[in-house]
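Order of writing sets the chain letters: A, B, C and D. Residues in each chain are counted from 1.
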Amino acid sequence: MAESKSTRELTMSRAMVSAIAHEMREDSEVFYMGEDVADYGGIFDSTQGLREEFGYDRVMDVPISETAYLGAAVGAAQVGMRPIAELMFVDFFGVAMDQIYNQMAKNTYMSGGNVSVPMVLTAAVGGTYNDAAQHSQTLYGTFAHVPGLKVVVPSTAYDAKGLMHNAIRDDDPVLYMFHKRLMGIGWMPAPEGPKTPVPETEYTIPFGSADVKRAGDDVTIVTLGLHVHRALEAAETLADEGMSAEVIDLRSLVPLDTDTIVESVEKTGSLVVVDEDYRSFGVTGEIVATVADESLGALESVERVAVPDVPIPYSRPLEDEVIPSTKDIVSAVQRTQ
Amino acid sequence: MAESKSTRELTMSRAMVSAIAHEMREDSEVFYMGEDVADYGGIFDSTQGLREEFGYDRVMDVPISETAYLGAAVGAAQVGMRPIAELMFVDFFGVAMDQIYNQMAKNTYMSGGNVSVPMVLTAAVGGTYNDAAQHSQTLYGTFAHVPGLKVVVPSTAYDAKGLMHNAIRDDDPVLYMFHKRLMGIGWMPAPEGPKTPVPETEYTIPFGSADVKRAGDDVTIVTLGLHVHRALEAAETLADEGMSAEVIDLRSLVPLDTDTIVESVEKTGSLVVVDEDYRSFGVTGEIVATVADESLGALESVERVAVPDVPIPYSRPLEDEVIPSTKDIVSAVQRTQ
Amino acid sequence: MPLVSEQTMEEMFENMVTARHYEERLQEEYLEGKQPAFDISAGPIPGELHLAAGHEAAAAGVVQHLRDDDVVTATHRPHHVAIAKGVDLERMTAEIFGRETGLGKGKGGHMHLFDPDVNFACSGIIAEGCPPAVGAGLAAKKRNTDSVAVSFLGEGAIDQGAFLESLNFAAVFDLPVVFVIEDNDWAISMPKERVTDVENGSKRADGFEMPGVRVDCDDAIEIAEVAGEAIGRARDRNGPTLMEVQVHRRMGHFMGDPETYRPEADQEAAADRDSIERLEADLRDAGVTDDRIEEIRTAAHDRVEEAIEWAKEQPQPEADAAHEDVFVNPMNGVTDSEPDFEAIGGDD
Amino acid sequence: MPLVSEQTMEEMFENMVTARHYEERLQEEYLEGKQPAFDISAGPIPGELHLAAGHEAAAAGVVQHLRDDDVVTATHRPHHVAIAKGVDLERMTAEIFGRETGLGKGKGGHMHLFDPDVNFACSGIIAEGCPPAVGAGLAAKKRNTDSVAVSFLGEGAIDQGAFLESLNFAAVFDLPVVFVIEDNDWAISMPKERVTDVENGSKRADGFEMPGVRVDCDDAIEIAEVAGEAIGRARDRNGPTLMEVQVHRRMGHFMGDPETYRPEADQEAAADRDSIERLEADLRDAGVTDDRIEEIRTAAHDRVEEAIEWAKEQPQPEADAAHEDVFVNPMNGVTDSEPDFEAIGGDD
C-alpha cells in the first residue's frame, strides 16, 4: 500500500520536529535557540533529536535571558536568517514582551515593509496538569491582540507539521503556540486525538484556514488547541442526545478565518466558543463579536466557555473548575438549544 | 456662593495630582516612583508640584529599570506601603510585564488572599499627536485581559480625581491609565470636555460604575478615555440629524459595569463600541459579546469602531486614518440605523 | 569566641535535617502517586516539584540571621528556605498537597508559597523575586526601620534582567538587601560555563559598585559567617551585598527529570559532598553529643511526619473557591463618597 | 603614521557638520510649525523630536570603521548615527516629515528609521536595540562572515535589563558586537549620578568578563582610535567590547523640553565644549586649509538643504496606506501544498 509507506502515526511533538528538521536540512539559515533545547531536547520534546543531527551551533542552548535571545532572533531574522526561538512556557513572555511586540511584531510596519522579520517564536501553552498560575496559561488573546504577529495553534500532529513548515517559510514573524497536553510527552499523557497519521513528505497548511474537524447542523463550536479534542468529545456525547455539532478548529488566530465561522453559524444559528484562555477581552469575545458584525441576524444563541477571569489555580478541584471540560461544553451547547 | 468656594475648574492632570497630594498628606505610606517625576514633575504633568511639597523621598526618580522599580512597588506594597508607580508610556510595559502580570496581578490569588498588593500603576496612554508605534498605544484590552488588575480609565478631571482617590485607597492593585491628550498639558492642547469643575473635598468614584455622560434613546455608544469626548461630539452632530445617542463612559474596564451597558442597549437596540485600542481581541469584542451574552434579543445592530489591527503609524494622514474620529463614530451610528 | 555559636549550629542543623527529610518525604508522596507510569498530573502532589536536596546549607546559614519582619523571596526551589524562615510547616505542606487549609488555600502550589506572618514569598519565574525584595528593602529604608530583605536566586538567574536591574537599584539607593545566589552548577540541563563567562556569580557585583562575595563550598558555618556580615551591613544601613554559595543538586531539576544530560561523575560528586554530614561532624567536633544529634534528628522527623499527616487529612478545596481571591476587595468596597455633582452634562 | 588619517578626519568632520546642520534645520522646521503656541502635533514635523547636537563625534568616530554590511542599531536620538552610517538622507528626511517616499513610507517617524541597504535601524524604547544587534553579531558568526554589529545606547540605558542581558549574551558566545554608550550626563531630567553608583558606564563590563573602555571627552580622533580597536577585535572574532564616550547634550531632551531641572552652568559647559570646533582645529593643525574646510561645510550644508527641500516636496501618504505593511505577506502566501488528507474524521 502506497499510503502506509508515505504516512505514519506521529505524536504532535514528533510531527513538529519532523517539519523543523526538514527545513533545517533544506536551508542552512534556519536555526533553533532556546533553553534546554540542545542536550535536553526541549522540556516538552520540541527539539528531540535535533542537536544530535545538527549540532550545538544550529540547536543552541542560551542563557536564561529571554529579552536578549528573543531580541537576538529578531536581529538575526532582519539580516535574513530564519531563527526559531523557543519560549519554554508562554507564561514567561512578560520578561521579554518588549522585544516580541515592539520589535518582532512592529518592525515590518514601522519600516513600511522594507524590513521583514522571518522568525518563528515557539511557546508551550496550557494547563490541566496542576502547574499553577505561572505555568499554565494559554494567553491566546494577549498575543492575537498585538498587530504584527501571526498566531498559530495546532491541535493535531498533522496540522502541527503543516503549520510548522508554513511558519518557518513565512517571511513574517509567527508565534507558534503548542499545547503541552497534546505533545505526546511520556510524562504527560495526551488524549486520543492529537496523534494522527502524518505524511512523510513536506506540506504546508496556510494560515487563516480554519478546519472543520467535525461537520454538524445544530450548533457551531469554535475552538482551538487542546479544546478541539474536548469539543469533539462533547460532540460525540451530544450526538447521542440527537444534537449535531459542528466543530471548527481555528488553527490560526491571526489571520482569522472569519468566513468558515460565519458560514457555519449561518447554517446552525448557534455559536459556542470554547477557549482555554481567560474569558474577558480575549478569544471568545472576538469570535462572538465577529459573527455579530458579519451576520447578527443569523445568531440565535451564543455561549462562551473559557477560564472565568481568575489566574489558573494549582489544586486539582480548582483547576478542573476553571479550565473548560467536555461537560462544560456539553452544557453550554444544551443551553443554546 | 458656597458652590464656587468648594469647586474650581481643573485640568485632568491637576485633578489627578490633587488626589495624590491629598492621599500623601493623609497617609505617610503613600509614595510615588517613576522616571522624571521629581524635578520634571512628570512628562505629562502627572506629578507637578509633588516633589516640592513632599521631597525626593516620597516623590522618587528612579533608574530606567522598569522591571526593578515596578517589582519594587509590588514588594513595598506587600509589606503594607501604598506605592504609586508610573510607567511613563504604557507602550513600555513590555520591559516589565512579568512583574505586572505575574506578581502584581497574581500574588493575591496565589496566596489565597493572604497577601494584598495595594499599589497603583499609572501609565500614560493614547495617540493623536504623531508619536508613532511605540508611544501612542492605549493597550486597554491587553491589561483588561489579565485577571488580577483593576483597570481604570478616566475621561474628565472630575472622574480622574474620584477614581484616583479610590485607586490609592483600594487594597488591590490598580492600573490607572490616563490619556495624554486629556491631561491639559501646555504643549498638547486638550479638547473641551476633560477640564471640569472639581470639588476641593475628597471623594471617591467606585470602580465598576460606568457613567452615562449623555442620555439618549436611539443608540448606545460605549467608550472610554479620549473617545468619550469624540463620542459626545458625535452625539451632538447626530442630534442635529434627529438621532438621540446615549454615551456611556466605562470609567473602569475591570470591574466592568455590564448592567449599565445592557440596560442602555435594551432601551436603544443599537450598540456602537468605540475604542482607541486595536480592534481584534480587545475591548470592542468584549463589550459586544457581553451584550450578546446578556441580552442577545435586544441587539438589533452592532458596530465596532477601533484601530484596525495595525501598529499606530506616524504620519498625520495615516494616524488620522486609524484612530477613530468623531466622523467615524457618526458614520458607525448611521450604519446602525 | 567563634562567630557561630553552638546553639546556632544546632539550629542550622535542625533546619537542614528538617528540610532534607521533608523533601525526601515529599518525593515519596509525589512519586507514589505517579505509579505505574509517571503522569505529572496524577497523585496527591500533582504538577512540577523542584526539590532542594543539597542546597540546605545556603538557606540555613543565611536565614538564621533573619527576624520575622525581615523579608525573604525564594525561587521555584523554595522549601529549604521556607523552613529556615519559619514558614508554617503544616499549612505549607497542605498547600503543596493542594488542600483548603494550605497557605494559599490550594491556589498557589509549591512554587507560590506566601506566609505573610514571617514575610516569606517565592515564585516560579527566574529572578522574579529580586525586585520585590528590593521593594521590601526600600520600604524598610522609607519607614526607617532596621529590617532587611534577602532575595534568593539560582546561578542560572544571573543572566536575567530582573536580577541585574535589581542590583543597580539596590546599590544606588543603598538598600538593606542581600542577594544570595545558590550555585548548584546547573540550570536544568545547562551547565553554568556554557551560559556566562564570569568565573562565578558574585562577579556580577563588580559592574554595580556592590560588594560581591562567594562561599566556595556548602559549609553552613562559613555561609553563616559570610551572611552574617552581609546582613549586618544591610541592617546597619551600609547597603546591599551580592553573595554566592556553592551548593549541589542532588536530584534532577524537577522530579521526573531523567538527567540524561548530566555526567555521572557530577551526580556522584554532588552526592558525596553532603553539607548535612559536614555540619554533623562539626557539631561533634564542637562537643555536641550523639544523643543530642539524634534528638534533633528525631524531632525534625517527627515534625515533618506530623505536618505531612496533618496536610493529608485536610479537605480538598471546594470547586467554587476557585472564583474567589482574585481581589481582596472585588467590587472595590471603598464607600462611595461621591458628592452629588455633575461635571459633564450637569447644570452647574 | 597616525592611527587616524587626514582623510578619515575629513570624513568625520563632514559627517559631523552634516549632522549638526541637519538637526539645526530640523529644529527650525519643527519649531516653525509650532507657532504661535507650542503644539506637539502641529507643523510639518509633528510628534517628539530628539536631537543629538553635541553627540556627533561619537557617531562619526565609531561608524567610520563600519561597512554597509555591518549592522548598527541606534536609539531615539538617531540622526547623527544614521548620517554617519550612510543612511539615504533624502528618504530619511522624507520619513521625518512623514512623507510617502520616506524610509518607512511615513509609518515609522524619526525614532523608527530603517535602511536595510546599509543595515541601519533605531527604536524608541530604552536599550531595545541591544538584543537585535547581538542577533546580527550571532548571524555573522553563524554565517562565518567578518561583519560586526554596533549597538548605541544612552548612559541612562545602562540600568535596563535588555542591555545587561545583551552584554552577557555577546560575551559568552564571543560575538562581534560593540556596545557604544553615548554618555551625555542626562536621561531626560535625571543626572547619571542619581541613578547608578558606578563611576561610568564602561564599568558595567566588569561584571560580564568583557573589556570596557571609556573616552572621556568627545574628541572624534580619540573616539576613532578606541573604536577602531574595539571594532577590529570584533571583526577578528575576538569578541565584544563595551565602550563609553562622553558627549554633551546641547539642547533639551526633546524639542520643547523646558530644561528647568538643569543647572545653567551645565548647559553652558555643554555649549562650550564643541567637538566640531575641536575637530576643525585638529584639521587645521594637520594642515588642512581654510578653503578645504569651507568646502566641506558648504557641501554638507548643500546636501542637507537638498534633502530637506526634496523631502518637503514629497507627497503625504494616502490614508489607505495605513492598512498596508503589517505583514510583508499578509495572507501567508506560501502555496498551499497540503495533500488531500484527513487526519481526523478521515477514513484512512
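In this text, a residue touches a chain if its C-beta (ideal position, glycine included) is under 8 Å from a C-beta of that chain, and two chains touch if they have at least 3 such contacts.
Quick caveat, the model's predicted, so the values are computed rather than measured.
Enquirer: Which chain's centre, taken as the mean of its Cα atoms, is farthest from the centre of chain C?
Expert: Relative to chain C, the chain with the farthest C-alpha centre is D.
Enquirer: Given the two chain pairs A-C and A-D, which is bridged by the higher number of C-beta pairs in contact?
Expert: Between the two chain pairs, A-D has more contacting C-beta pairs.
Enquirer: Quick check: how many Å separate the C-alpha centres of chain B and chain D?
Expert: The answer is 34 Å.
Enquirer: Distance from the CA centroid of chain A to that of chain B, rounded to the nearest Å?
Expert: 32
Enquirer: Would you mind listing the residues of chain D that make contact with two or more other chains?
Expert: Within chain D, the residues that touch at least two other chains are 102, 104, 106-108, 112, 123, 125, 159-162, 165, 168-169, 172, 194-196, 326.
Enquirer: Can you tell me which residues of chain A touch two or more of the remaining chains?
Expert: Expected reply: 62-63, 65, 67-68, 91-92, 94-95, 98-99, 102, 109-110, 132-134, 147-148, 309-311, 313.
Enquirer: For chain C, which residues are in contact with chain A within the complex?
Expert: Going through chain C, the ones touching chain A are 37-41, 46-48, 98-99, 102, 104, 106-109, 111-112, 123-127, 156-157, 159-162, 187-190, 194-196, 256, 260-261, 316-323, 326.
Enquirer: Considering the complex alone, what residue numbers of chain A touch chain B?
Expert: My answer: residues 67, 91-102, 105-106, 109-110, 132-134, 141-142, 144-148, 253-254, 256, 278, 280-286, 288-290, 292-293, 296, 299-304, 309-311, 313.
Enquirer: Which residues, counting only chain D, touch chain C once they are in their complex?
Expert: The touching residues are 159-162, 164-165, 168-169, 171-172, 194-199, 203-210.
Enquirer: Spell out the part of chain B that touches chain D in their complex, as residue ranges.
Expert: Chain B reaches chain D through residues 35-36, 38-40, 43, 61-68, 91-92, 94-95, 128-135, 186-189, 308-311, 313-322.
Enquirer: Give every residue of chain D touching chain A within the complex, in rising order.
Expert: 71, 73, 102-108, 112, 114-116, 119, 121, 123, 125, 128, 130-139, 142-143, 149, 161-162, 165-166, 168-169, 172, 324-332, 334-339, 341, 343-345, 348
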